[in-house]
Each structure stands twice: as C-alpha cells, then as structure tokens.
Amino acid sequence: MTRRTGRLRPAGVLLLVVILAAVPFLLASYPVSLGGRILAFALVVVSTDLLTGVTGMPTLAQVGYFGVGAYSAGLVGIHWTDNLIVQLAVGTLAAGLLALVTGVVAVRTAGIVFLMVTLAIGELIHQVADRLDFLGASNGLVGIPAGTLYPGGEPLILAGYTYWWALLVFLLGLTVAYVVAKSPLGLSMRAVRESPTRLRAVGQSTYVVRLVAFIIAGAIAGAAGTAWTAQTRFVSPGDLAFSVSALALLSVVLGGAGTLWGPAIGAAVVFLTRDWLAANYFTGHADLLLGIVFVLAVFLLPRGIAGYQLSRRSDPPHSGAAA
Amino acid sequence: MGWLDANLLTMLNGLALAALLFLIAVGLSLVFGTMDVLNLAHGVVSLTGAYIGVALLDPATGTIGFIVAMLAAAAIGLVLGAVLAAVTSGVSDHLRQALLTLGIAMIAGDVLGEVFGSDVRSVPPPAFLGGSVEILGRSYPAYRLAVIVLSLIIGVALFLVLERTKAGALVRATVADRTMVEAIGVRSRLVLGGVFAVGAALATLGGLLAGPVLGAQPGLDNTVLLLALVVVVIGGLGSIRGAVLGAVLVGQVQTLGVSLLPDLASFLLFGAMAVVLLLKPAGLLPARYGTGARA
Amino acid sequence: MPGSFRRHRRHPRHLSVVATVAALALGATACGGSLSDSGSAGGDASGDSGAVKVGLVVPASGVYEPLGVDMTNGFQLYLNQHDNKLGGHEVDLVKADEGETPDTGVPAVQKVISQDKVSAVVGIVNSATALGVKEIVTQNKVPLIVANAGADDLADGSDYIWRSSFTNGSIGESLGKPVADAVKGGTVYVMAADYAAGHEYVAGFKKAFTAAGGKIAGEAYTPFGKTADWQPYLSKVQNSGAKAVYVFYAGAEAVNFVKQYKSFGLAGKLPLYAPGFLTEGGVLKAQGKAAKGVRTSLHYSNLLDTTENKTFVGAYTKAYDAPPTVYAVQAYDAAAVLDKALADADGTSGDAIAKALGGIGEIDSPRGTWKFDADHNPDEPYFLREVKEVDGGLGNVIIGNLE
Amino acid sequence: MNPVTATDPSVPAPAASAPLLLEVEGLTVRYGALTAVDSVGMRLAVGRRHALIGPNGAGKSSLFAALAGAQRTAGGQIVLDGQEITGHDEAQRAKAGLVRTYQHSNLFSGLSVLDNVRVGVERTEGQPLRPWPRRRADRRIVEAAIESIERVGLADRLNAPVSALSHGERRQVEVALVLACHPKVVLFDEPTAGMSAAETHHFAALIESLPDTMAAIIIEHDLDVVFRLAHSISVLAAGKVIASGTPAQVRDDPAVQEAYLGSGRGDEPLFEEVSR
C-alpha cells in the first residue's frame, strides 16, 4: 500500500490546472459559478481530509471554520475593503485563530469522541451565526460588495472571474495541504493516525501534532470560506449547517481518505450530484441520488475514488484506554 | 411557590423526553458496543416507527389497536435491523460505515417522504391516554406519563435480559472486549446480529411512542439521530446505564435547562455535550473495558 | 469521450480528472463562456409574441416542501386557466428546487437565470434565500416575484424585487389592536421561533399592541427548528398571569405547539393569537381538534365568502383534490401579476417586465383586490380568522376584518 | 519470603567505573485495591542488560508501563542518567532517553519501514513539527534512518509497509526505531515472543550488538534468551521483587523456586534447562 500523498506527476498536475483554468472560456456562466462553488467546497473537503485521512482525526468542524472565513470576508468587504487578498488573509487568520482556541481542548480527545466534539464546535458556530445580528442572524449577511484584486481595480462580478479567484485560492490551499503532507509535520501527522501511543513512546507529544494539524486545517477551511463569499457575496447560517459538515466528511470517504486529491474529486461528485444532476433531472430528490452514490461507492469503490483504503484500524473510539 | 414546585413539572416532563430518548438511543449504543458499527441510519429507522403510527393509528384507536401498532413497529424494526446488520457486516471501517449508513438513511428518508408526503403528520395517542391529568394544579398529558412507565418497563426488561441471560452475558462480554469477537462461533455471532435487530426494534418502537409527542415529518430522522448520538456519547458508547443517564441528562437540558437559561437555549445541548466529553471523554458511565490491570 | 476513458484506464488519477471535466462540460448548455454578461440578462427571446421563460423556484425538498407543492399548484392553476399564456405569451415554465436554506436556494435561482435564461423568477419561501438572491436578480435585471418569503426589508422599491405575499411585520401588526382590545388591560405573553422572521412577527405585534395600550407579560424565543417540547415555556406562560398568548410558529413547530398548548391545559383558558401560518393548510389537518378556537390573522382564508374566492377554491379543489392555502393564492397572484405586466411590457425581457410591473395597478385576487405599495409589497387587507369545525373538518373561519 | 525492597537495592553494584543510567526506587502501581507493582527498586549501569522475569500477572508489564510513563504510579522515584523524570509524561521520558518497545509490536503499520524509522530520527535530529519540506535537512534524516535500518538488517525492505512484514521483521523495525530515538535505556517487552528459534537467535544477537553506551531492561519468558543476554536478573512475583542478582545467584535462590511453584506454574521446569 503506497501513500500517494504528495506524489502527483507534474504533467498530470499541469494538465489539470490548465483544464480547470480554461473552464470559464468553455462553459456558460451557471456551470462556471457552480464550478467555483465546487472549488470552495472542495478546499473545505481537502482540509477535512488533512485531519480525517492524513492525521486520523475524523472531524465535523471544518464547515464551521469555513463559515468563520466566509463571514470574516463578508464583514471585511462590507466594513473595510473590497480587496480580496485582504479578505483572504483575514478570513484565513480568523479561522486559524478560532481553530487554535477550540483545538486546544478539542484535540485532547480522539476517535468518535473527537468527532462528536467537532460536531459540537460546528453546531455552536452555526448557532452563533444564526443569532448574531451584525452577521445578519438567520437571514444571512447581505450587501457584500464585489471584490477587487488591487486597490481601485475592477470588481469581480462575472462568474468567470470569481471562478478564477476561487481556483487560485483552491490551488493555493491544496498546495499548502500537499506541502504540509510532505513535510516532517506531515510524517508526524500520519504517525499520529497510525499509532498515537507509539508516537508518544518515540518521544513526540501527539497533542502538539494534533493541535498544529487542527490549526492548519482550520485556516485552510477559512481560506475556502473567503473564496465562497467572493463568489456568492452572501453568507447564511445554512451554509454551515450540520448537513454540509456531514457532506464534507462523506466526500472525504467517497474520494479516498488520506489522498487529498481524491476527496477534492469526491466533493465535486457530491456537488454535481446535488446541484446539477438532481437539480436538472430529479428535482427534489437530491438526497435520494446522494444516498445511492454513497451506498454504491461503499460497495463498488471500497478504497474510495482515489483507490485507497483507510487503515482498518483507524483510531478506535476507546483509544483512551491503552491496552 | 418554591423553586422546586415551580420546576417540578418541567423536570417530570424532562423525564418523559428522556424516556423516549432512551428507547431510541439505547439500540444505537448497543449496536456500536457489540458490532462496532456506528449506525447513522438509526434516525430513519426511528422515523419509520413514527410513520407506522401515522398509518395504523387514529384518534379512536383503543388499547388493543395501540398494542398491535407497537408489535407491528417492533416487528418491522427487527427486520430493518437484520437487514442493516447484513448490509454493514462486511464494512469494518467507521468512516465507510458512516458513508454506507447515512447513504441508506438518505435513500430511506426520500422514500418515506414519497410514501407519506412531505406534510407534517400527527400521530394520535391511544384514546384512553388522550386526556390530561392534574399534577400540582396543572394539566399534564396522561400519554407522557404512560411513556415514562412503558420505557421503564422496557428498560428494566432489557437490563434483565442483559444481566441474567446467556445471550446477555455474551453481549456484555463483547462490549467489554471487542477482540473476543474473533474467537466466538457462528451461533454467538448470530446473537450479536440479533442485537442489531433488537436495537432497531427499540428505535422503531421509540419512534412510534414519540409520534404523539414529536409528530412525523421528513427531516425528523436527522434531529432524532443527532439527539440519540448526543445521548449515547454523553452516557458512554455501548453502555445501557450510560444511555439511561445520557437520556436523563439530555432530557433535563432540553426542558429544565431551557427553562432556567432561555437565552442560551440553542447552545445548551451541544455545549453540554462538549463539556461532558472534555471532562470525561469516555462518557459518564462508560461500558467497563479492560482497565489494563491484567496487562 | 469514451476514447479518453479507455486510454486512461490504467491511470485512475487521470480518469478522475477527465471525469470531472466531462461532468463540468455536460453542465454547459451554451458555449458562450462566462466572461461577459451579454448572455446573462434575462429574456433573450425578445419577440413580442414569442414565448416567455419563467422560473418557478420553490422548495421541492426539505421542511418547506409542502409550501412548494401548494405554490406550484397555484401558479400552474393560473396558467391552466389562461391557456398556458401570460400577457399573450406562451409560457415556458422552468422549475427549480429551492430546498430548505440559501445554500440550495441561491444556486437554484442562479441556475434558472444564467443557465435557463428566464425573464422572471417566481417563488422563494425562505427569507434568507430571498435576501441572498436580491443581488443576483438585480445584477441580471430579472424581476423576482416573491410569492412567500416575508422578511421586512426584502422589498424596498428596487425595480427587480416585487412581492405578492406579505411582510412579516405587518401581519404581526394587524393583530396588535384587536388583541389589546380583547384582553382589556390584561397582559399578553409573546413567543416565537428564534430566528429573523419570528422576531419580526413579534416586533410588528408589539409595536401595534403597545400603541393600543397593551402590556407584555413576558417573551420567549424558542430555538428554531430544534424545539419539540414547549412545556418549559408554557409553564412560564401560566406563571406570568397573562390573559392571552401571541405566538409565531409554522410547519412542524406549529403542529407540536398547538397540540401541546391543548394537552398542557392552556387551550380554552388563555386565548391564543398568531399569524395565520400557525393553522394554515396541512398544519391544521395535523393539529386536528387541538386547534379549535385559535385566532389568527392572515391575508387569506379559503373560507372567504366572495364569488372570486369560491370560483378559485372550486377550480383548485377540482384540480388538486385539496382546498387551496394562502401559499397557493400567493403564487396564483404572482402569475396574475406577471400576466398583467407581460401584457403591458415592451417585449419579454426581464427589464421590460420589471418596467411594466410598476404600472399594473390593482390585482383581482381570490383574497380580494390588492396592489403594490411604494416598496413593492402588497397593500392588502387582513382577516381575523378562528379555527372552527366546518362540514365535519376544521377551517379558518373569518370572524372579522383587520387593518 | 525475603523480598528485596527498595531500601535494599538488590542489583549487584556495577563496576565502580560504570556510571548509573537508571535508578528506580519504591515504584508502586495500584489498580483500585490491587497493588500490581509494589515498591520496586532497581539500578542499572551503562552497558548493562537487566532481565525481568516472573510468572504471568507478576506485574512486569505494569512495571514497564510505569517506567515508560504510560501508567500512573502511586509512588516511587525514577532517575534517568542523573535526571529526575518521575513527573515526566510518556513523551518526555522518551525524549529524556527512556524508550520502550511493546509486547505486541506497536508500529506505524500503514507506513513504510523507512517512514517508521524517520519518525524517530525526525524527533531526535530533525524538526517533527516543521510544516514544510526542506530538501537537505530531510535528506539527512532519511540517510540517518536508512543507517538505523541497515543496522538491524532490513535494508532491503526500506519501502515495504510495516503491515506487510513478518513478525520478526517488525521486531527489527522496532529496534531500528528505538535506536533512532537515541535512547539511554531501552525497555524491551518480550522481544522474542512468537519468534521462531532462528529469529530468536538472530534477534538476541541484535540486542547484544547494541552500543554499550546504553542499557536495557528486558522482560522475557524465554530463559535461554534471558541467560544469554542478561548481566543481571530480577524476579517479580505479585508485584514484588523477590530476588535479584546475577543469573547464577537468581537461579539458586530458594525464594524464586518457591514463588514459581506457588504460582501454579511449578509443573514448568523453569530452570532445568539452564542449570543442566
């Protein structure tokens, strides 16, 4: 079983980037805007995989940090500047910061308990967004101006341009994820996944590794959130609901946990199923279609789209009790 | 009127909610403990129970009719559980289990919506429990009291089966030490598969009994699933006593909690869960695992 | 494409890339690219007598699906009654699923506008979704006829936002004085689902109620979509000494609330007032007798005793085997609005329709005659309704008119 | 019975020139009412290998877990190379140089042999938290890891995932990983359990070849291995050290014979083969 993390062939990567970049020339504005949203969601899923697949920490909180990034970008856009780069920086930082604050306690747990703690984090962020008036409460944050790339620049309104910005953020985030996975930290993260007790016995605090991974993943999700806002110019609590968190986690499994690129594809499959296939041909039955995709994937793609199976001994839920 | 008087009814009501939560959640917990399967289709199984109530009950239904509906719900639950046990048997990775069972839940939820419509449906309590009784000078629905009593009976029965029978001993042993599953024979594996069926039957039964309180509508399955997950994780996965305590706690948080801290109502459930898990990651009453004393 | 699949068979990574791109490509209906806005302005069919594309975006899934069904029926009924024509133009109706929240609703609107190139959008149940698409419809110059979402700030006179339904605040307001009069100096407890609409319904009510000399006994906002048990709140209501209760709930929460109001012994002792959604449509059926005596305010009741309404109810019931709801009427009226506008409009472009909308005057609706106000909200009368037994079933009997 | 207590350190005094690497006093582990490790003391000098033997349930593994910091102790003191580490957690003790292996090999089973050992090297010589690669530094780590792997004789399995290795090979990886941690004292928990005779022989040789700047404590049931490797032996029964000394001293200790007989394992002629 070889780990493909960080081992894409340069030619393939280049081809992929070129094709993705060419999309706005080829497709009409709706599919392009769908593509842009897919890219933002795919980046959330990549960040989820960084924790779930690479570090062995299945999480439901990433959509929460995505929301922090999205709302931060929106607030910056409304109250400060329409500069997308500033929005990206602020959103990433804010999400990373909240990941630090929440992670300090959350990463003390593991396995299913960690999953439930992250569910709580995601839901609490969701509730906060739903209640704070300056975030638009349940109606969502509206009136976000179109972003610009440099002071005085042309605002990005057309789907093609916001798509390119989303693509840029996506590639940036994906690159960060790959670099981290290839780094010594990435090795430590995979070691945490395989055996936290062993890593401690080697003299490495697993807590620190988990926490750093959690912060990086949170920041990446925040970046994805800013890319979302740049396109939709509207954020609502519904964007960070439990159902979205669940889809993010399931996209990781569907795509092939631990491979980073597989989950990104998984995210695209989920979105295309819901917003294209169901929206165009099976109105009102998105759940049915997604359910069928998931069930089929379990039996037909036992290793996920990327053809990789997460270790059967993925963090046991009671890993607190060392045998 | 003292604090206790003012809140006694609310606490009683929290118990009624706890009774329903226990019935629904305990199966989820036992299935995880014995089969190592996190069954995210549990919510839709429970919703099926509620829809069985929609199909079989009307306001004129008498005791016999209600018992028939309960038996029907339990029977359908047994079948659903057996099917789920079979389908998940080859899938040991928790994440793939999540993908599979949530996928099944989404399909089943859509089908239920097609069959019973998207409107919210109400499930009438049996006629003789339809009224209210006077408690502390306030009206209280008799049905909810009956739910508490019924859940107590079922809970005690479950406890006795687990503590006093051979099959129960096997289940407890499996929960305590999962590695022994590899060593056991086919018959014993069937017993464990039976846990899945019984767990699902309790969920459908719980769903049916919850019908007159919560109604039945698409989407309720997710609400129920989340609540059940919170209950079993707070209590300790695989532990019956944990499920009881978790249900009581969640029941009180949802009633007494929101009554005392109304401004924080939307944060209470998940906030409470986070606090419990950070203080006691294995839950409040975890199933007894090997402590390592024999290491 | 099959060729590329075969070639890349041994390279799953490439296969996935190709599959993604292929899937994206399939999403394209036109190859115009997305870097200019020439194609996105609605109504590229600009001939005077040509067909007009209308997008109907209502929930076909999620908790609001029942509303979506009624709205589709109402809109479709109008089309059926008018040979599928609006303003003389054959209608090409494009339906999209709004879902539950903006994360599905906004893309749905985006899709009908930029992919299907509709000239007008009708529907939208969720206020957050409506607010979220405001920018999109304005930018694309496609008028949106909101057929439900009631957020107070939604319609503000913008050329592209029109509303055939209601505003949350004014429904609440309509009950202020009558409730104040009814309790005669007693206090009222107010309660609502804790989200924007709930707060708006309460704010509107409180404004009119206190202006009429009413006093509030207490307030409670219950977690929206998460509350199943109202006993803790009802207990406070009973302790508060209130003489009546005003609430806002809809959907499943309305059912559970009304049933619990009854089973915890408040019904019959404390009169219950609410915006009409508490007892509208399928919700009332699920509540059953527990709802008897509940008084609500709404801009419609299918028991309204006018010829127009009786004709409408007859036709609707015949077509869909169920009596119409307010949601059906709102969509039916949206069709009527578009009908008038298209008849006046210079062409079928979104811009032309938007311009014409300002001059359509009064609409004859099953609910009575109404017209758009300066903000493009309906200027309409409200009815005080009470749930009573009607022909063996339950209905919202009109017991008075409200301002 | 004449148990050796902490106040009477039993390990034969090492040669005066060899400094002490590990000093343990009064180490106690309790599970509720049960005392699994009862006031155990020991001393270990540089270059020495000390074996811990005793019947099942004697508390050997609990003692190891307590030494390694994986088990909460009810009392006692541990000094490693002059540094008090009693309050350290598991990772800190390993960092200080007290490194263990596991009874059932515990490795990063999804990772390759090289990556397993890299984890250790990265901790001692690299920057395990650096979130970006650095070509030269990372290559240095890889080279050090390979060196460690070659030392245990697994150079040809560098890129094989550990899950694909044989039991014996996994033990070798564990040693390579332990060596990569620059230990002062290594705790081997039944290192040859489940190995074939040939593997056992090979593995004993591997342990013998460890640098003499470190010391080792070995839990072992195979007394051939014990008498081959150990410079000194402690016998644990019911959580207490009942005898301690050179292999010859221990073999002849009547208390040891009694404990083994009393433990219900008297039918196993424990010392027969070695005293022939």
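Chains: A, B, C and D, in written order; residue numbering restarts at 1 for each.
The rule is simple: contacts are C-beta pairs under 8 Å (C-beta built on N, C-alpha and C of every residue); 3 or more make two chains touch, one makes a residue touch a chain.
The shown structure was predicted, so the numbers you read here are calculated from the model rather than taken from an experiment.
Chemist: Name the two chains that are joined by the greatest number of C-beta pairs in contact.
Modeler: Looking across every pairing, the one with the most contacts is A-C.
Chemist: Closest chain to the overall C-alpha centroid, by per-chain C-alpha centroid: which is it?
Modeler: So the chain nearest the centre of the shown protein is A.
Chemist: Please name the chain that ends up farthest from chain A once chain centres are defined by their CA atoms averaged.
Modeler: Of all chains, D has its centre farthest from that of chain A.
Chemist: Let me have the rounded angstrom distance from the C-alpha centre of chain A over to the C-alpha centre of chain C, please.
Modeler: From the centre of chain A to the centre of chain C is 33 Å.
Chemist: Could you work out how far the Cα centre of chain C sits from that of chain D, in whole Å?
Modeler: 72
Chemist: Between chain B and chain C, what's the gap in Å when you average each chain's C-alpha atoms?
Modeler: For chain B versus chain C, the centre distance works out to 35 Å.
Chemist: Which residue numbers or ranges of chain A touch two or more of the other chains?
Modeler: Answer for chain A, listing residues that touch two or more other chains: 130-131, 285, 287, 322.
Chemist: In chain B, which residues are in touch with two or more of the other chains?
Modeler: 266, 291-292, 295
Chemist: What parts of chain D, by residue number, touch at least two of the other chains?
Modeler: 65, in rising order.
Chemist: What part of chain D is in contact with chain A in the complex they form?
Modeler: That would be residues 65, 68, 70, 89-95, 99-100, 102, 106-111, 115, 118-120, 122-124, 126-133, 138, 141, 161, 163-164, 177, 181 of chain D.
Chemist: Quick check on the complex: what are the chain C residues that touch chain B?
Modeler: 61-63, 65-66, 69, 194, 220-224, 226-229, 231-233, 235-236, 238-239, 251-252, 255-256, 259-260, 263-265, 281-283, 285-288
Chemist: Where on chain A does chain D make contact in their complex?
Modeler: Listed in rising order, the residues of chain A that touch chain D are 1-3, 179-180, 182-188, 190-191, 193-195, 197-206, 208-209, 212, 216, 311, 313, 322.
Chemist: Looking at the complex, which residues from chain C come into contact with chain A?
Modeler: Contacts found on chain C: 11-14, 16-17, 19-21, 23-37, 39-40, 60-61, 65, 95-97, 99-104, 106-108, 110-111, 113-115, 127-129, 131-132, 134-135, 139, 151, 194-197, 224.
Chemist: Going by the contact rule at the top, pick out the chain B residues touching chain C in the complex.
Modeler: Listed in rising order, the residues are 6, 9-10, 13, 17, 59, 113, 117-122, 124, 132, 138-141, 143, 213-215, 217-220, 223, 254-256, 258-259, 262, 265-266, 269.
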